[in-house]
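Given below, in the form of structure tokens, are the structures.
Next, two complexes with chain A in common: one pairs it with chain B, the other with chain C.
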Partner chain A sequence: MERLVFDVAALVAIVFAGLMVIGRDPVKSVLALVVSFFALAAGYVLLLAPFIAALQVIVYAGAILVLFLFVLMLLNVGRERPDGMRRPIQMVLGSLAVLLFAGLLLGMFRATSGKIPFLARPLSEGELADPAALARLLFSEYLLHFEAVSVLLLAALIGAFVLARREDA
Partner chain B sequence: MIGSIPLSDVLLASGALFSIGIAGALLRRNAIQIFLSIELMMNAANLALLGYGAAMGSQEGQILVFFVIAIAAAEASVGLAIFVALFRHTETIDVNKINLLKW
Partner chain C sequence: MTAVDWIVIVLRVALPALVLPVFVIPLTWLERRGAAFIQDRPGPNRVGPFGLAQAVADMLKMFNKEAVIPATADRMLFLLAPAVAVFAALSTFAIVPYSSSIEIAGKHVPMIGADISIGILYLFAITSLSVYAIVLAGWASDNKFALMGGIRSSAQIISYELAMTTAVAGVVLAASSFHLSDVVEMQQGTWLGFIPRWNVFPQFFGFVVFFVAAFAETNRLPFDLPEAEPELVAGYHTEYSAMRFGAFQMAEYVNVMVASAVTTTLYFGGWSLPGFHPTGVLGAILSLLVFMAKSFFFVCVFIWVRWTLPRFRYDQLMRIGWKALLPLALANLIWVAALETFRMPVR
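Our next item is the complex of A and B:
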């Protein structure tokens, strides 16, 4: 049953990701990606990561993609025109690279999925899905990384401000 | 196995999403859509991390995904600011028409 729900969620995510890539209208692309990320959040719940699923909905679908929509509305970008700028060699080489990469990825996953190194004391399913335990790990062992990310976010904030402001202002 | 979900299903979904993302990044010309494809690739990597983490019985996969999401937020804000600045100068975000760095 869980497997069925996961597979359906993954399929929805893949189909809408495909629509995102195919579509010519950037606004529709963003909306398709929102649906794809919601489906992925459902998959994350089934992979025993409810906190990450909440982050996915709030931060990814809620904040980052809405930022994309804001910028699209701000720039008023139209549809991509299928004009003479299309370069056949780019399409051919690009498709070839995608196929090669997909094959590589498939082979890599097939080689590793049977040999997962189990921990000395694997966590139970209840422990894995416990956000309190996640927070304890984050604020003890990974505290330095957490602080580094906060500095990175500050740097990104200042960088975005400097990049996007008008020069005469 | 995570519950009753085999790890191979998770990895297959992750690989498919990543390949779709790389196709978008290589074949589209609208900079926003290329950027969305990169976000999709990050999510595919997140899915693989959560799958492996849960299969190993470790929460460290979730910790990694937490950091990836934080860095994606930083990357999105800077990237979109670059597009806004670029659009002011060139009036387009078609990557075939932008060649400021080409000699």
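Our next item is the complex of A and C:
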């Protein structure tokens, strides 16, 4: 049963991520991404991390993508033209990027023989299930990472503000 | 699956999921009679006793009208939007404890759809889904008024969700739990023997922020800018007719009921009353009645406010959300944190 739910969720996530990339209509691309995120959230629930799943839906599907949609609708972005958009150089560079990424992934898996190397120690089962335990972990063991990410996000926010600001304002 | 399991499923899942849509019918009647009372006119009073059957007649009418899909609309998304609206509205109630727990065949059965560890966060996750219903309806209709409604709605809901979640963070902090059942639990008993230990007393401003934001989240007056009829015809549901329009109306009323139920649970002790210790089935029924009475009060406030206050201008709406509600919610959060530190020093 769990396996079935995982397979369905993974399939939905991948298919809709693909639709997001292929789609010509920006609004529909965003919606495909929303479905993909919901499927990812289902995956988190199966990993016994319902808190992460809730955050995934609230932050990504609920806030960030609504903002995307808001901007798309406000600017009334039309369908992408299917012809004349792809120059040969784009195809070459795109293929190179894909190859590079695939090589990177493969190399990573070989180097770590499939185990995830990012954690200082393997998490026990309850630690992601309980929001309080997760918070304790976040504010003790991973405090430095947490604060570093918050500074990074702040820098991005200020950067966006500086870039988008009008000169005369 | 034994018979007991089936009873549990019916009580915990099917009953609330089926009862909420049924309550929509008297609620529309209540809204129209309430509006008429406030505006000093009779209101619908001809069909059935006190005009009660008017709501049923309207529903039958909705089902029999022609359902038009505009030629230039995006068919799939146009049909999907009302379904998402109803789905999101009905599934939010799952985490609200609506009565005290009972024992069935030696099993302890809490009266709540799903007592999950993320509790109130689930509510916010589903609420964020309901934004898509409005945005999709606005976009798929291919109508400028509908699109304007969709755009307004997305900006409005993001702005007010922030204040709302910050206000609720105070309650979560006080209860040290996301479970709404724990939130009800901590509000039992009294202070000084006569003040109920309801969250509304220590967190009055949190309650104010939450309740005001609830009006914005349910798109009710004075925050119904997504469907402001003097400017936008009917906003995001301009192009919807028959029961598809009815689905949006139904979602709105279910949202009003859920918002009232959640307000009751978070700030007014849920199904509990001071000095009332429910046991067994009779206790569960009594506490369900207490819960419904409290929620009904807030539903009435929703109706009362709708027919009393004029609509805000869009810039006023944004100013209230960001410059009044959010700072108030943050101040409330700091206040609760200070209280908790005083009450229970950091271990």
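Quick note on the criterion: the second predicted complex is superposed on the first by the 110 of 169 C-alpha atoms of A that agree within 3 Å, B and C clash if a C-alpha of one lies under 4 Å from a C-alpha of the other, contacts with A are read in each partner's own complex, and residues count from 1 in each chain.
Basically, a contact is a pair of C-beta atoms (placed from the backbone, for glycine too) under 8 Å apart; a residue touches a chain by one contact, two chains touch by 3 or more.
Because the structure is predicted, anything quoted here is derived from the model rather than measured.
Of the two partner chains, chain B is the only one that A:Gln90 touches; chain C does not reach it.
Put chain B and chain C next to each other and count what each touches on chain A; the higher total goes to B. In the superposition on chain A, A:Ala102 makes contact with chain B only, not with chain C. Once the two complexes are laid over each other on the shared chain, residue contacts for A:Ala17 go to chain B alone; chain C is not touched. By the touch criterion stated above, A:Leu143 is placed in contact with neither chain B nor chain C. When the shared chain is aligned, chain C comes close enough to touch A:Val66, but chain B does not.
After overlaying the two complexes on the shared chain, residue contacts for A:Leu74 are found with chain B and with chain C alike. In the overlay built on the shared chain, the residue A:Val8 is in contact with neither chain B nor chain C. In the superposition on chain A, A:Val34 makes contact with chain C only, not with chain B.
When the two structures are aligned on the shared chain, A:Phe51 is found in touch with chain B and with chain C.
Overlap of the chain B and chain C interfaces on chain A: residues 51, 55, 63, 67, 74. Across the complex, chain A meets chain B through its residues 1-3, 6-7, 10, 13-14, 17-18, 20-21, 26, 29-30, 33, 36-37, 40, 43-44, 46-49, 51-52, 55-56, 59-60, 63-65, 67-68, 71-72, 74-75, 77, 80, 85, 87, 90-91, 94-95, 97-98, 101-102, 105-106, 109, 113, 116-119, 121-125, 127-128, 133-134, 137-138, 142, 145, 149, 152-153, 155-157, 159-161, 163-164, 166. Interface residues of chain C facing chain A in the complex, by the touch rule stated above, are 77, 116-118, 121-122, 124-125, 127-129, 131-132, 135-136, 138-139, 147, 150-151, 154-155, 157-158, 161, 176, 178. Per the touch definition, chain B reaches chain A in the complex via residues 2-24, 26-30, 32-33, 35-37, 39-40, 43, 46-47, 50-63, 65-67, 69-78, 80-85, 87-88, 93-94, 96-97. On the side of chain A, the complex with chain C involves touching residues 27-28, 31, 34, 41, 50-51, 53-55, 57-58, 61-63, 66-67, 69-70, 73-74, 129-132.
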